[in-house]
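Next come two complexes built around chain A: one with chain B, the other with chain C.
Let's turn to the complex of A and B:
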């Protein structure tokens, strides 16, 4: 019985299948809202309201011819998309969906999450570098520049949460918020803002879509990928979007916990999780809709001149708050 | 095969290639992205990389200079791939056909002399509605034949 329930948790809910379907849903929400902000309609004819559009894209790419450029480093080039998907699906399991803790939970899983984010950037660099083609190389270089700028504020804002609750375990942070109030109400509000800006950069979305700026460098580090490798990369990026918004909801909005009668917790908690995560996604998409791309020098200056001092200030505020 | 055909018809990603056009057709192609026409309703994206694209949309007269590049871009695309010729210049040479005596010295007679063309969108320039209609006809063709 225990084996069956843990297999169910790992593969179906809240495991791989749930997160993959969620990633398709997120892409749809993202595209629809982005289109609405430009007074367009967005995907409409594929399924009801275009809901199946991401799935159609995925199937089409899976079925297309799989090209490997002649001069690419074939081993790395072919394995990066798989590694990206595997990394994202693994790190997803620490997210609490139906209770205080996720499928796997251990002391220090917050650090595991941070490490996975950094590793994802390194995989992007490898993807661009192994293509051995000018545009992917430029894109990879820019991705690493983005990593140098925004990884530190991201880590410091997460550190603020950890200091406030006195733990580096996701489930402990969630249960601390359940008894002390959400992190966003308090000194973490600044950290929440920094976190949102930093994940926007980590996800390479519009104000910071420098690594895959279409008008400048074709498709950045993804330029040489086609067919099922591109499908896997797109899926990994959607999973990253789900992961980042779910992490924001977990760290700042109390995770899946909320008011519910004891007998309805099994249904209410996943619903709360979805509501909070989609709320974060809407904020991210609105940011994407109202900004234009910044230049590289503006991005670096913004990260190092404003975001990093602000995140240090936020950690200091949290420490003072805790001492009082 | 059914699922593949459905998915293929639902998300044709387009690569726009300008072979030396006067920018008339190009503006109309880009106009299909605007809120008024919104080509994303059909799941169509304008992509920058030939590796990502399914449909090669060619505008402008095919000059001898651009022929090699056009064929290289076509070969970089992954199968299954389709070609759409947009505008009179691309279909037949347009105003450049028969300049001088007989065939023109620097412009090919049409895109179909070089690549297998799946859909033609006539006009100088064609309206955005006509381009969308051309792509939907191509989609219909994908669904019925391939």
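Let's turn to the complex of A and C:
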């Protein structure tokens, strides 16, 4: 029985299948809201309200011709999309969906999450460099610069949460919030804002979509990808979107925990999880809708001049808060 | 020096690129993110229109010349008609002159709004882009009511215009102008208050006043460098000598002031259209002219939305032109463009700025392409 239940957890709920479907749903929500902000309609025809459009896009891309550039580093070039998906699906498992802890939970899984985010950036860099083409090369360069700017504030804002709850385990942070109130109500509010800005950059969305700025460097590091590989990369990026919003909900909005009678927890907690993550996604999409893209030097200057000092301040505040 | 030279590599922007609406090759020499030099190749769209014009009669040419540019078709037909009318030495009816001004200014409004949308898209502000283009529909719908078509209108004819303005259309036009004025003022407020827009356009694509004059910039590009020059004011044609308007200039010399100049020009055009509707004189629309044009040379300057447009006609007394020559505003703005794209001293051009700078001159390359270079090797 144990084997069956853990297999179910790993592959179906709250495992791979759940997260992949969720990533398609998130893409739909993102596109629909972005379109509404732009006085457009957005996906409409595939499925009710265009709900199946991301899946249709995925299938269409899989069917398309898959090209590998002649002078690319083929081993790396071909493996990056797979590695991206694998990395994202693995790190997803630490997210608590139906209870205090995720499918896997261990001391230090917060650090594992941070490492996975950095690894994702390194994979982007590899994708760009193995393409051996000017646009991906510039895109990869920009991705690394973005990493330099936003990885530190991201880590420091997560560190704030860890200090507040005194643990580097996701489930401990969630249960601490259940008893002490959400992190967002307190000195972590500043950290929450920094976290949102940093993940916007990490996800390469406007105003920080510099590594794949369409008008400047075509599709940036993804320029040479097509067909199946592009489909996988898009899925990995959607999964990253789910992961980042879910992480924000977990760290700052108390994860899936909420008011529910004991017998209904099995249904109520995933619903809370969905509501909170979608709320984060809506904030991210609104940010995406109301800004123009900044330039790479302006972005790095912004990160180092304002974001990093602020995140240090936030950590200091948390320490003082905890001592009192 | 040699070590820094090795770090320079070529980044070809175009002929196919998402930032470009038409084929053009900007061969950038890039050092990291900085553009050191640029080579321009605009000859991807040669259509042999000047030569084709020599094989057609003047009436047929009217439709050919209209298709030089989709967006500024009225400016092109206006120039052509003025050339022919000038050689005949005939004045066109007063009412037609006013209607030509209305058509021209309506075209300027839609062209400037189109450009503003494209500029917003180039700096990655897609929401702004979508908003502007939805409001541009107002001007296109008015154009359809007024001239019969949205873009390629066939409005001007040799000796006048083809369609009258009915009182209903005049009413609709007035209402549309009020709506457009409100929207354009809102966009100006957005541009002046949105920090990311300013960050991406201020100090970008600098063209100093003396350089602008020296390199023969035209249109809003020139006026954004603080030079008060407009063919409508300097060399009035149609009813421009009777319609009051202000030549908009700005001293910013950068992409941001080009946005401001175009927005203010749109507001000026709205006022001009209102004035023309108010003062529209009665009378005939068309002055019939003979098919054969007397021999002679004629040159006209028309202020197209993108800048000064020059048409030249040499007629030999037959019903076909002997030679027809068009100089589009984009052609004049190419040398200034190269100046804007090169880093010099403290002025640094980033790769990210290239699409913004390119868009800031409002290029229209297929109108500009006049020759084809075939490499022999």
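One rule holds in what follows: the second predicted complex is superposed on the first by the 324 of 324 C-alpha atoms of A that agree within 3 Å, B and C clash if a C-alpha of one lies under 4 Å from a C-alpha of the other, contacts with A are read in each partner's own complex, and residues count from 1 in each chain.
Here is the rule we use: contacts are C-beta pairs under 8 Å (C-beta built on N, C-alpha and C of every residue); 3 or more make two chains touch, one makes a residue touch a chain.
In this text the structure is predicted, and so the values were computed from the model without any measurement.
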Partner chain in contact with A:164 - chain B first, chain C second, else both or neither: neither
Contacts of A:214 with chain B and chain C, given as first, second, both or neither: both
Contacts of A:60 with chain B and chain C, given as first, second, both or neither: first
Touched partner set for A:143, first chain B, second chain C, both or neither: neither
First, second, both or neither for A:298, with chain B first and chain C second: second
Greater residue coverage of chain A in the superposed arrangement, chain B or chain C: B
Touching partner for A:290 - first (chain B), second (chain C), both, neither: second
Partner chain in contact with A:227 - chain B first, chain C second, else both or neither: first
First, second, both or neither for A:38, with chain B first and chain C second: both
Contacts of A:20 with chain B and chain C, given as first, second, both or neither: neither
Doubly contacted chain A residues - partners chain C and chain B: 38-40, 214, 218
Chain A contact footprint on chain C (complex, rising order): 9-12, 17-19, 33, 120-131, 134, 194, 196-197, 199-200, 350-355
Residue ranges of chain A touching chain B (in the complex, touch as defined): 31, 35, 38-46, 50, 52-53, 55-60, 63-67, 135, 214, 218-219, 222-227, 230
Residues of chain B defined as touching chain A within the complex: 3-4, 6-8, 10-11, 35, 38, 40-43, 47-49, 51-52, 54, 76, 78-80
Touching residues on chain A, where the partner in the complex is chain C: 37-40, 134, 138, 206-207, 209-210, 213-218, 289-298
